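Following this line, the structures themselves.
Two complexes, one shared chain (chain A), two partners (chain B, chain C).
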Partner chain A sequence: MGRYLLKRLSQAVLVVISVMVVVFVVTRLIGDPVAVMLPLEATEENRALLESQLGLDRPILAQLGDYVVDAVRFDLGDSLWQRRPAIDVVLERLPPTLLLVAAGFAFGVLLGVVIGVVSGMRPGGWVDRGAVTLGLLGVSLPQFWIGLVFIVFFSVGLGWFPTSGSGGIEHLVLPAVVLGLPVVGRIALVTRSSMIDELNAQHVKDATARGVSRARIVMVHALKGAGIASITIAGWELIGALAGGAVVVETVYAWPGIGFTAMQAIERHDIILVQAVVFVVAIMVVTINIIVDIAYTMLDPRVKFDRVS
Partner chain B sequence: MIRSDHLLEIRNLEVVFPTREGTVQAVRGVSFTVDAGESLGVVGESGSGKSTLARAALGLIELPGRIAGGEILWRGRSLLDKRVAGRIRGREISMVSQDPMASMSPILTIGTQMTEVMTRHLDIGRREAFTRAGDLLEKVGIPDPGRRLGQYPFEFSGGMQQRVVIATALSCDPMMLIADEPTTALDVTTQAQILELVSSLQRDLGLALLLITHDLGVVAGACDLLKVLYAGEIIESGTADQLFHRPHHPYTAALLGSTPRLDVKADRLMAIEGHPPDLRHIGSGCSFTPRCPHATTRCASEAPVLQLSEAGRAYACWNPLSGREVQNPPTARGQA
Partner chain C sequence: MSAVSSGSRSERRRWAGWLMRIVRDPTALFGVLVLALLVSAALFAPIIAPLDPNKQDLAARLLPPFYAEGGSSAHLLGTDQLGRDVLSRIVHGARISLTIPLVSVTLAGIFGTAVGLLAGYRGGKTDAFIMRIVDTLFSFPGLLLALTILAVVGPSFWTLAIVLSLRIWMVFARMTRGLVLSAREDEYVEAAELVGASPVRIMIRHIAPNLTAPLLTLAVLESAHVILSEAALSFLGLGIQPPETSWGLDVAIGRQYVFSAPWLIIFPGLAIAVAVLGINLLAGWLRVAADPQESAKRFAAAADAPSAWSG
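Moving on to the complex of A and B:
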């Protein structure tokens, strides 16, 4: 297990560095931060001065080299927009995002598994058909659109929840549900199909013949097998919610997390802050991947560390 | 309660499976009984309806299959009633199936899967169930049961895993054991050991045994009474001795001729020509007609019914073989 973890961790570091290099290059291709930071009437001299202050006039490879060396020490540079260490800005905005993603993901997985199990027990029945339709809707409706529809319906129309911002639990409900809906859809569809496979497996038929109760077959025999299949998907969903969904949902609901911050940073061409957000998200993504692999080996006795490594 | 003096009584059972291409008549009017302590072998080739029969005897017919007619009585109670069948499965009747490696969940320990049946049916706790499971493993010849209970099915060999399945089947002291091709997935030496285990347990515990197989060598040593199943019907029945030495039905004789033997010199195996009939389109005559060397015009138009001949024997044939002595009938597996 120790050797396996060491191998996975070194792979993870490589992945994070690669992501940083790509983001570094791309952010320098998409626009000129200096042009955004200076007023329209700024002169060429003003531009040159700011560029040299920010180090943007140096060769891109030299910039990249410095950047990687600093990043290893968790120095990601100062945010151009907020004029303070970018890592501080990100870490400050991280807790609201973690809260939102945790709530949305928990909602998505719990509801998804329940729907998947119920519809997988009787495939083709009316419950199943309704669940599949709902699942497909959850997967295919764009989150920014659902977000806006929910605001119009639940906040403006019914007045049940605030339209945006953060504060009490009432602020959390709509963004968490919108973030969780695609998770519900995909987890439900995957759980459903693996439940169908499991319930048709020979060992389930034989367990019935042996006299194991239907409830135990569904909740222990089939669900454990289906859970192993779903856990990879759940890992991807968590990554998707963190790296993608959070940006959209936080922006729609003005939720003060790193996704919203990333949008603001992009609008202001604050490439340093964008890099810092990507850096933190990349670390979380590779961590989740490692946790999923470990969870796999703990749930499925057929998978062992020594065989993987 | 319907009056029945037998442990298991199946009366005129009809099982059908509706498919897009027509209704498959898997079991067509089968009747038989099993008494306490009796061992009955049901022999037939694949598609003869023997596995469907085994599952029906547990009250388990999976959709889209359904029981179109007849009765399945267990000590006078109908197993067509799902609630009755649910209480009896694993408790009074238990089953050992074909592939031991596929028979248990690969992700739950042997101990969990052995005890879950006991804690449901017997009035005992988990701890007691584990002790009992260990004793059972020892009884079926698995050494070091304490450690084995914490292992998963894939950590056992096929033969050992089948012993685990048998131990689980016996865990609630059932009255009858249904074994559906219990040795087919095993290699020949292991087959003999498993059969011996089943036979000795059956004798020691006074179990009724319903042994279902395509292999005459399997039933030869294990069963007193035999039923030969063809195209969902019983075409001949009698004691093992009677059927092996003097088969009346040409199909039984053909089955005997096609059993591979180690002790008899033969240049080639006698295969039965042709294929079993399509169970979606059953004609009016005897279903064995197209493959039967003795078939007449009557066979093609009129189906023979199962009729009693001498003591305890019955056959369904218009042109029965008259007591022809079969040379070297099959012997029990492992004793040949």
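Moving on to the complex of A and C:
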């Protein structure tokens, strides 16, 4: 276990470093950071000044080295827009994103599991048909569009929720539901199909033959198997919500998290702040991956730690 | 599907068989119809669209759709803040929604398949090295990284298509590698190796036919993802740029009129939803139909194969 964890951690560090190297290569070699950051009317002197401030006049490999070393020390430079350490800005905006993702994810997983269990118990029934359709819609409808349609109906039309911003729980409802919808769909489909598999499995049939009640079979036997099957998907969904969904949903609802910050930073050509967001999200993504792997291994005795790698 | 079938008659019969299966299955039929609609809208946009998508008419700004009060048949789905016809913009928007996935998925498919073939066939250290890179890329924060790259490099059709293909090629590599590995275990491949067939011949003659159906299905499925990603990036302002038209871009424009002109959001978004839904349905059906095992499951059991939709 210890060695396995160490190996996974070193892989995770490698992933974060490669993400940062990709960002570095794109910003410094393909793009022209100074041109992106400066206004159009900037003079040559402005350019030279900014270049030396950012260390861009130094050899590219020296820049890369410094950049990685600084990143490891959580020093990603000062945000051009806010004029203070970019990492501080990101960490300040992180709690709203975590709140939103946690709420959306909890909604998605709970509703998904319930729908999946109910529809898996009676494949072909009307609940099941509804669940499959919902699952399909969840992965087919563009999130930014659902967000706006919800605003049209629930905020503008019915006046139930505010159109955007943050504050009380009423601000959280719509963005969390929108973020959670694809999760509902996918978790429901996975739970459903592993429910069907589990209910047909020999050990479950044996339990039925021994006279174990249906409720107990569903709750203990089938749900455990379904739970193991959905963990990987849940992990993927969480990563998708953090690295993609949050940007879109936060932008639609002006929710002051890191996704919205990334978009504001892009609008203000603040590449350093964008980099900091990518850095923090990359760390969260690899952390989730490790947690999912460990949870999977602990729940399913058939998977051994050394075999996962 | 056998790889040996040749001759135009059996070929034709096979196509007829597939056609019958599509017509009989409502989900597949819906998928095919949506795809046909998309392709014809993209190809014949200037003929189908009632008006020029960029023609402004300031006298006819923000007109509601035909069913609402003040709407007219001249602008069936209403007009935007510059008096441009929403329906015409949606028809023209089909071009981007078709060409971007076509380009991205082709690029990603070719590159990913080549990498997967190399890893699967070479095995050993090559395989381990390639798969390590692929696994690393799977842990990249996809959309966020795409946004960053587009913000720095500058959004255009080609940067968008390439960035989107960079996000999905690993899926093709992983699947190809898996298929090659399992095909290599098959007895007929071992037999061919024993007889002394060259690696290239084995690859083309014996392994490649096993790849076609699953990879095509994957390509269809990934097209749906690419359409959604393009729409999201265009919505965020880092995808397709005006004066070109894209459904995601139109939703972004409509966003400023969410109180007064909701149709500017509803219809372009609906176009994305229908296109993606149709392609997903088609991909799900293809996966079941092309796989004999899944097919048997589906037609034997009363329950529809759910795995086909789990994406």
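Going forward, the second predicted complex is superposed on the first by the 290 of 309 C-alpha atoms of A that agree within 3 Å, B and C clash if a C-alpha of one lies under 4 Å from a C-alpha of the other, contacts with A are read in each partner's own complex, and residues count from 1 in each chain.
In the analysis below, a residue touches a chain if its C-beta (ideal position, glycine included) is under 8 Å from a C-beta of that chain, and two chains touch if they have at least 3 such contacts.
Please read all numbers here as calculations on a predicted model, not as lab measurements.
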Clash or fit (per the criteria above) of chain B with chain C on chain A: fit
Chain B versus chain C as contact partner of A:196, first or second or both or neither: second
First, second, both or neither for A:221, with chain B first and chain C second: first
For A:137, select first, second, both or neither according to whether it touches chain B, chain C, the two together, or no partner. second
Of chain C and chain B, partner touching more chain A residues: C
With both complexes overlaid on chain A, does A:2 touch chain B (first), chain C (second), both or neither? neither
First (chain B), second (chain C), both or neither: which does A:213 touch? first
Once both structures sit on chain A, report the angle chain B, chain A, chain C from C-alpha centres, rounded to the nearest 10 degrees. 80
Taking the superposition on A as described, I'd like to know which of chain B and chain C A:39 touches: first, second, both or neither. neither
Minimum Cα separation, chain B versus chain C, post-superposition (Å)? 8
Quick one: in the complex, what on chain A touches chain C? 14-15, 18-19, 22-23, 26-27, 30-31, 33, 36, 123-124, 128, 132, 135-137, 139-145, 148-149, 151-152, 156, 163, 186, 189-190, 192-193, 196, 239-240, 242-244, 247-248, 251-252, 259, 262-263, 266-267, 271, 274-275, 277-278, 281-282, 285-286, 289
Show which residues of chain C lie in contact with chain A when the two form their complex. 136, 139-145, 147-149, 151-154, 224, 228, 231-232, 235-238, 248, 251, 254-255, 258-259, 262, 265-266, 269, 272-273, 276-277, 280-281, 302-304, 306-307, 309-311
Applying the document's contact rule, which stretches of chain A touch chain B when the two form their complex? 201-213, 216, 220-221, 224-225, 228, 299-302
Given the complex, residues on chain B that touch chain A span 55, 58, 60, 62, 86, 89-91, 94-95, 97, 99, 102-109, 113, 116-117, 120-121, 152, 154, 165, 168-169, 172
